[in-house]
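The letters A, B and C name the chains in turn, as written, and every chain counts its residues from 1.
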Amino acid sequence: MNSTLPEKHILQPSGLKLRQQRTEVVIKVLLAVIAASCVLITTGVVVALVRPTIDFFGEVGITEFLFTTDWFPLYEPPDFGVWPLVVGTFTVMLIAVIIAVPGGLFVAFFLSEYASPRTKRYLKPFLEILAGVPTVVFGFFALNFIAPNVARKIWVFSDVGFYSALAAGITVGLMILPMMTTLAEDAMAAVPRSLIDGAYALGATKRETCTGVIFPAGLSGIIAAGVIAMSRAIGETTIVLLAAGSTANFTFNAGEPMQTMSSFIGFAGLGDQPTDSTGYRTIFAVGSMLFIITFGLNMLSQRIVTRFREVYE
Amino acid sequence: MVEDMNKVMNSGVSSSASPSKVIGVSVYSDNVQSAEGNTPALEMIMESQDLKVHYGSYLAVRDVNLQVHKNEITALIGPSGCGKSTILRCFNRMNDLIPTAKVSGSVIYRGIDLYGPDANAGEVRRRIGMVFQKPNPFPKSIFDNVAFGPRVNGKPSKQETEELVERSLKRAALWDEVKDRLKQSAFSLSGGQQQRLCIARALAVDPDVLLMDEPCSALDPIATGRIEDLMHEIKGEYPIVIVTHNMQQAARVSNRTAFFNTEVDADATRPTGVLVEYDSTQKIFSAPSDPRTEQYISGRMG
Amino acid sequence: MNVNADVVGSRFAPNLRDSTSTARKSRDKIFLLVLWFATLCAVLTLFFLILTTLLKGAGRLNLSLVTNFPSPFPEDAGIQSAIFGSLWVVITSGFASLFIGLGSAIYLEEFANSTSRITRLITLNIQTLAGVPSIVFGILGLAFVARGWLGWGFSVGTASAVLTMMVLPVVVVSSREALKAVPPSLREGSYALGATKWQTIRKQVIPAAVPGIATGSILGVSRALGESAPLILLGALAYVSSNPSGFGSDYTVLPLIIMKFTQDAQDEFRAVGAAAIIVLLVLLVSLNLLAIVIRDRSRKSW
């Protein structure tokens, strides 16, 4: 054998390698199709919402929807003024956020600056378990503990009944507290240690470091977390459905039963509306509103994170 | 294929006696030259011609012309950032895996351009094995580590696989230490053993050339010594190209040495690697012809 | 000397004692108190939640709870059909979301160009999906799966499909993280032996990423197990007196049977709901323990 002559074949793919290459192509295409199916789901959500929503506004009229204040879409004769739902949603969300955002922030301060590693080791799994409790269990908790023992005790403006926006809001707030804590902690962890040490080196106390350095430096992340918390509170269905009742009262008194957009959808879905009715399409119209609001809030949160992120060298 | 089989069988019979290895490889050339010294008739296995590598728009290393000969160890030395590892990775197309890397010029292996239409990256890497800076055993058993290469390059039977694993571990001088614990995790081995396992793993696919990228930089002196002995033992079967930052090591193990340096080109902001001098190791370390080589050698060793 | 030391000691020695003003001190104390209070509230929430459930449900926590079907008499009412319904829905959607989620993650991490428009679109899309309120998935299922396009009715298949879509973002994100965490040296080692991309992914990358993928999938499965909102729209809020026998069967699941019992006017039924919560929580905790075991075992063996 003369080794100076090139042996062209030696680096060419063998039959095995050729088969393997064909497998590669098939696999790649298959995986691309799978990945693309994720996009299909979002498209599906949008398509599912758009058509019935357009039909709904063809039947109801945007004026009635936006400028009247009675919401009885499933009764005869129906009323389609959306304000009770908007107020209900806003009330529950506000109560939840008042509890979850400062609460989560305080727990995050505690975890990142005050707690010893030992305390942290016990506290973290606790919060993880709390975050993993199903919403229906929180709904049960709202009816059996929060409503009688908390809501009824603290609400001085009126009596609080079995169902109330207040009990629902408090419970939703407690439910999102662990998530808020985690997000706030992440935002605080992004603050460079040198900045924090700098504050301590100037003789600042832990409180002054928390409120004067960590909070402002992590503010964009904390605000973004707060916006996510709002979005979660608005989207929560089961707790509200169980704890706030199913009447769309147009009231600003949180001690009364209320309906939110998401709890209305859950409530209307129960009645098994005929597919081709305005009542059925109401689900989709309200669903569209819910989707747009939560989508907008999530985008806003991401914007805040990317736009206002402090860049530390 | 026939040659490959011969080689495997010959070396498998006696893994430590070097004469048989010479016989084993002699199927490629009838006249085997001594590896020592600078014999011009030595058979050339690989050659790079005007090799250049860009990372994006940055020229990392340029104008590399060097040859790899049979029965020899070729060392690439130079200060860090001079592109020696980059060049090494061109020799088995590992740079394909870095999306921004662009190789120009050619690497001729037995008359075929590695970057030409007649070369398949998988085949290239099968024939030109590589051992990395840090031992990187797979998170599998010792046996499966060695068997992985043969399995992806064909479907050997259980018996064939067992034989191949034993042979490869013997050639890498690891068999006696691991023969009773082949099913254990590769991570249970010491660093030096892990690196020899990686060498055994590379040998198991029966390569033609072995590339080593600073294979001892993560090891203690004793483990380093064992790897160096091993390199001497196997270089007759597997020509070796080694990148090392340790000049003593280059002087100890290699037959030829290529010295790389960095230069800032007129139109560039970052330094580019260049091949300064390539010659027999003896010459490079005793009488280099380029003053930069001399400066580097004396500066480091003196 | 003495005089000097005296002077230094008396007039210029720094005061290292605590000079913090009392107002500042009390503000610090109040702040700490607030932090303690918030943390205590979080801890107490879980404590009272479990206490309330136990007080209400412990009396009904017996074998007949899990062996009986719903009944008009609270002392006979059980949740067997809901347990089986949950198992059906959660296992099938778990496998489906693992298949689609891991497939997407492999494509995005290993094959797709990370800067390409399509990759960014898919990533953005998954972020969006993760933020969609779960009830909206119910609407999607109602429009396309239960009625309309697929027309599967209120069945196990519908619930499974909707939960798959809901859990998908969790699986994709955690699988991508797990794949990203596989060290490049492992891939390099595999490629250097001539393995193809898919061989490298299948035999090295995925096995190394299994703990992360499993942990993420179990997290997704536990979300599916506790999820209630979308299934309200899909016919699960009902007393069902037989176990599902296939994808076309009527079904209910644990969270929804709990909801149904919790809404009941009769206190004895609400106690059944509380007992069912205990069953659900036990299942969830065991799932999470499983995840922890998988994580620890994988760490130990390699």
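General remarks:
Following the convention adopted for this analysis, contacts are C-beta pairs under 8 Å (C-beta built on N, C-alpha and C of every residue); 3 or more make two chains touch, one makes a residue touch a chain.
Keep in mind the model is a prediction, meaning the values are calculated, not measured.
The chain with its Cα centre farthest from the Cα centre of subunit C is B.
By C-beta pair count, the most extensively touching chains are A-C. Comparing per-chain C-alpha centres with the mean over every protein C-alpha atom, the closest match is chain C. Note on chain placement: the centre of subunit A and the centre of subunit B lie 55 Å apart, centres being C-alpha means. Inter-chain spacing, taken between the CA centroids of subunit B and subunit C, is 49 Å. Distance between chain centres (mean CA atoms), subunit A to subunit C: 14 Å. In subunit C, 196, 199 are the positions where the chain touches two or more neighbouring chains simultaneously. Shown for subunit B are the residues that touch two or more other chains, namely 122-124, 127, 153.
In subunit A, 17, 20 are the positions where the chain touches two or more neighbouring chains simultaneously. Across the interface of their complex, subunit B is touched by residues 1, 3-8, 10-14, 16-17, 20 of subunit A. On the side of subunit C, the complex with subunit A involves touching residues 20, 24, 27-28, 31-32, 34-39, 41-43, 45-46, 48-49, 52-53, 56, 99-100, 103-104, 106-108, 111-112, 121-122, 125-129, 131-140, 142-144, 147, 165, 168, 172, 196-199, 222, 225-229, 232-233, 237, 255-256, 258-259, 262-263, 270, 273-274, 277, 280-281, 284-285, 288. Against subunit B, in their complex, subunit C makes its touches with residues 113, 183, 185-196, 199, 203-204, 207-208, 301-302.
Those residues of subunit B whose C-beta lies close enough to touch subunit C in the complex are 92, 94, 97, 99, 122-127, 129-130, 132, 134, 136-140, 148-149, 152-153, 185, 187, 198, 201-202, 205. Remark: subunit B residues 3, 27-29, 43, 109-112, 114, 118-120, 122-124, 127, 153-154 touch subunit A in the complex.
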